Amino acid sequence: MKSKICAGVYGGSGYAGLDLVELLWRHPQIELAFATSNTYAGDSVPGTNLHYVSPDSVALENVDVIFLALPHKASAAMAKRGMDEGVKVVDLSADLRIDTPEAYERSYHSPHPHPELLPRPYGLPEINRENVNGADVVATPGCYPTTALLGIYPLLVTEALCEDSPVIIDAKSGVTGAGRKPSLTTHFAEVYSNLIPYKTGRSHRHLGEIEQEAHKISDRIGPIIFCPHLLPVDRGLMTSIYVTLNEGLESDQMHDLYSEMYDDEALVDVLPAGEQATLRHAVKTNKCVISITPVLPRHAHITSVTDNLRKGAASQAVQNMNLMFGLKETLGLI
Amino acid sequence: MKSKICAGVYGGSGYAGLDLVELLWRHPQIELAFATSNTYAGDSVPGTNLHYVSPDSVALENVDVIFLALPHKASAAMAKRGMDEGVKVVDLSADLRIDTPEAYERSYHSPHPHPELLPRPYGLPEINRENVNGADVVATPGCYPTTALLGIYPLLVTEALCEDSPVIIDAKSGVTGAGRKPSLTTHFAEVYSNLIPYKTGRSHRHLGEIEQEAHKISDRIGPIIFCPHLLPVDRGLMTSIYVTLNEGLESDQMHDLYSEMYDDEALVDVLPAGEQATLRHAVKTNKCVISITPVLPRHAHITSVTDNLRKGAASQAVQNMNLMFGLKETLGLI
Amino acid sequence: MKSKICAGVYGGSGYAGLDLVELLWRHPQIELAFATSNTYAGDSVPGTNLHYVSPDSVALENVDVIFLALPHKASAAMAKRGMDEGVKVVDLSADLRIDTPEAYERSYHSPHPHPELLPRPYGLPEINRENVNGADVVATPGCYPTTALLGIYPLLVTEALCEDSPVIIDAKSGVTGAGRKPSLTTHFAEVYSNLIPYKTGRSHRHLGEIEQEAHKISDRIGPIIFCPHLLPVDRGLMTSIYVTLNEGLESDQMHDLYSEMYDDEALVDVLPAGEQATLRHAVKTNKCVISITPVLPRHAHITSVTDNLRKGAASQAVQNMNLMFGLKETLGLI
Amino acid sequence: MKSKICAGVYGGSGYAGLDLVELLWRHPQIELAFATSNTYAGDSVPGTNLHYVSPDSVALENVDVIFLALPHKASAAMAKRGMDEGVKVVDLSADLRIDTPEAYERSYHSPHPHPELLPRPYGLPEINRENVNGADVVATPGCYPTTALLGIYPLLVTEALCEDSPVIIDAKSGVTGAGRKPSLTTHFAEVYSNLIPYKTGRSHRHLGEIEQEAHKISDRIGPIIFCPHLLPVDRGLMTSIYVTLNEGLESDQMHDLYSEMYDDEALVDVLPAGEQATLRHAVKTNKCVISITPVLPRHAHITSVTDNLRKGAASQAVQNMNLMFGLKETLGLI
């Protein structure tokens, strides 16, 4: 390996791509070789001395790792190319997150473009670190699954959830979560002063991903009810999680459980008992911040927040990359 | 009675008071005689040709009705004075909403200033119209209870809720809900771009009010888990309600139930199946807008929204006043 | 004439069109027959019992007046059709605002589609009422020209401006001013927390319109320096105007001049001396609100605000329509 | 000198103080010893392992430099104490910015509390670096003067301004500029969706400071017309400056002039011709960003933006401190 890792970003002009570029540009072990953009090819890449290049114009021979911040389907094709050329791949799309082509098709309503690529390690290091270490290809989870799964992980591991009761996830996301492509949904005047539930019921694509990963940890969990909302802010994601516990744990023991379980995690903060996690705790940080509120002995309210573009996308991709190359996991992130 | 009803507003410079003044000023059967303000006495009352007067300077002999948009405790004292002088009273504070002094003290952590005034009709006309008709004194419910109770009322009446499961109310309120008194909590730079859970667990004062009224309709309801959030907008209130049904009702029957039950209610809109209620549906209207989303056969998600200053305060007060004087309930409101 | 005026709105799903529909729907002398939308044909028109129709499907035989809230060029073609069919036309586009095809081409960089239609009365009633009264076709001015011209009109009429000094117009507009068509410019995440000067120098299309109308009143005016900014709010438009006076007037006489000149104008408010016009003074009203601040004897600062969708578009169109049909000018507007 | 400079912050819980703490905490040559707060004494200092201390409880014997982010008057008293104890002082208040007690009293309407301290170097390094180098006490300019003066400095140095014409400064500031003390002015619901001119005419305190410093560079300048506005965002400050040039310079030469003059300045960016400086160019950076727009040969529009809490306060204070101790000027800032 060269002294620095040579990295490229595909989809470097979207919101996640822009944060990725910012993080990689100042990462001490990374040399950022290129960032692609179809729309902005030729324009300068903000905060760097690079110019966007067309994805087709890039040669990968000297590249060690590529980050894919592309739409799903386009991402799988590029992942395949990277793998074929012996380059490590950190995928931020959904294409490698779902374990089977069948499950992918259920959530994304069209066949997986490269089913032979599945399954791949699910890059949520706090849960799945051992599979990411040294891997060549890693799927970086979406913002909702990251925030929600870290919010319930200690209850899954300890099998403390009541199986007969749903886990309610009322989620609120800043508008960058909807991508940079203009649409009426993201028009300023439609979002401003508003709060909009969307893809309710069981229709949001991230629900399958949450269920898949939750059930890998434990099957002792009731149905997950997931309702996302579009929040009139630019970035930040809050999941408000309401759980019912079984007899194994009382709600006022949860704070100790979470504190202990995340004690060694540099990128997860459990707030002191009585403090509430707000959006601002996480925005522009690379952390997931969690607060625990016992409500009744068997009922609790957990607030888990991230920056949807950081721990929900770009910084988690860098965290995975660090592990894939055997670097310190938090290098360039704290 | 004189040709027009002569009305006065106490606390006319707070946010609810300002909306109340606006609604009463254009109400066809009301002559607004005065609006009080300690802070702004002498200043002109926005949108009118009145000037704020000090509350102490007002005589009530020619007044038919007073609206109290005062802090709790101050409100009870003024309600008593109004009653003593034979004036009808529409109270917007909490002082007359709780049925017993004991329950009041539990929620408000100090003795009720005038326990002899309790109980009074709870002015949520869609639920409780018969007690408001012709009454002399009515307590107008708070914004959270109004929005939440209208969101679950059809399930309470039909006893369709599973008693063993909690009713989850994840609520989000615009900043005017916190009042006009300056504080760090309402400082622009603290709220902007943020989302803040507050008074979580069982600590919010409105929880007792919600429970009291829900249980009057039916005891077949599990524990209510209520978590409010401060939303970075000026007005509007959304309650996201997650319910578990018993065997008596499937979630895909709920839309018909709600549509039928609210069919005659001019100030409650049930959206067509598949549409989601957003904050903007209710802001600057006098309505509660509700959407129903079946998630699983026994699980559903209800979104109920109001303008916290209108159906959550001022317009509901006017609606009550209309009923107290035998006017058309929606006069001046649609 | 039928008992009510039968009106139609072309372009009824854009932001100005939506406000127009709202105003016409509750106008006591109007029966709104249709609102067109290419994008939303078939959908219900918010706040009404109508459904959007395709513009091609509309017959005009029973229609008295059409409002054109269309893109420029499309508007001229429709205006021509309306005129040919004997229907009155209130145009909200730029197509009929510019007096000559040559001037139009200078500002809009393409030939006027129907030069034979020019010139038409410029529908800023406070300045130009006599030309609007009873007219068959009226061009409703843009939001920037309306707000700016009302802000300097008294100085133009009295020829009080120093000809050697520029008139500086620093303008700030809410995002609805940029239209409802999605673009990166209006993407929530691009506008939020930002403030963006645009079309600076002499490049904004409204500059020619402001100059044309100012010079009709008086040639004794220096160059107009106009700089618009995109403000992170949904609606409202502020022009901050900095003027140098000639010897004929001192800045502390301006407040009297403005107060007198606008004394009879129901839709222009001159604030008391010392008060500043804020965006909120005008938003959701049909008024232009003006404050005057003398700075030095020959220098003054004028703030003129409107709601860009109301007095800057829809309500001014209705005001013009009232005059065109001989109705009370403010009918349906106050 | 010890290996690291030992620093303390007075007023560490205000908005400027919080940014100062953040910058000093990660500054490679600073050891932050304490941050004071009357209101929050005992609470933890965000982002650090310190706790706020009461200002009275601090001993200065081992301290090398204190930063004063205090209200004016309180600041002068603390500056005096620091000087008496031989500690370097970086003052962020107005107390040391004005050269004479008389001028101070004109702007602040009360006598200077310690007239013997005046005058002190005005710490705008790009203009005044030589006086800051090695100084013991430096006054850090306010946000408006910094942003405005950097915007016109090249025209002052080259005496290119027309003396008979005013310099118009239309300024817009985020709400943190108004401080953290709660007031109705900074209440979320008053600012949201609004735009508010304030302290217009000649009443804003920063006007005298701008005039004082401009005239030190050149007397060939007309009157300064300064109008600030409160912008509904949390941070960022834009000055829109409109100038008239004399015969010595044409507006299309300005871009070269500015580019050259600021070429070596790491903390001032002149954008390429044709690009406009937006608020976002500066927010959360330590830079002043400037764009130049020629409008007519003698008239130009300059946009100068900063983060009011950074280059308009905290980062400029650190920049000054670096110079006072002979460190690299941009240490800890880029």
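Chains: A, B, C and D, in written order; residue numbering restarts at 1 for each.
Basically, contacts are C-beta pairs under 8 Å (C-beta built on N, C-alpha and C of every residue); 3 or more make two chains touch, one makes a residue touch a chain.
Here the structure is a predicted model, which means the values were calculated and not measured.
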Comparing each of A-C, B-D or A-B with C-D, which pair has over half of its contact pairs in common by residue number?
A-B
Farthest CA centroid from subunit C: chain A
Return the distance between the CA-based centres of subunit B and subunit D, expressed in whole Å.
46
When the C-alpha atoms of subunit B and subunit C are each averaged to a single point, how far apart are the two points in Å?
39
Multi-chain contacts in subunit B, i.e. residues touching at least two other chains, fall at 193, 232-234
Provide the residue numbers of subunit C that touch subunit A in the complex, in ascending order.
15, 174-176, 180, 182-184, 186-193, 232-235
Spell out the residues on subunit A that touch subunit B in their complex, using ranges where they run on.
165-166, 168, 170, 172, 193-198, 200-202, 223, 225, 227, 229, 231-234, 236, 238, 240, 242, 244, 276-280, 283, 291, 293-296, 299, 301, 303
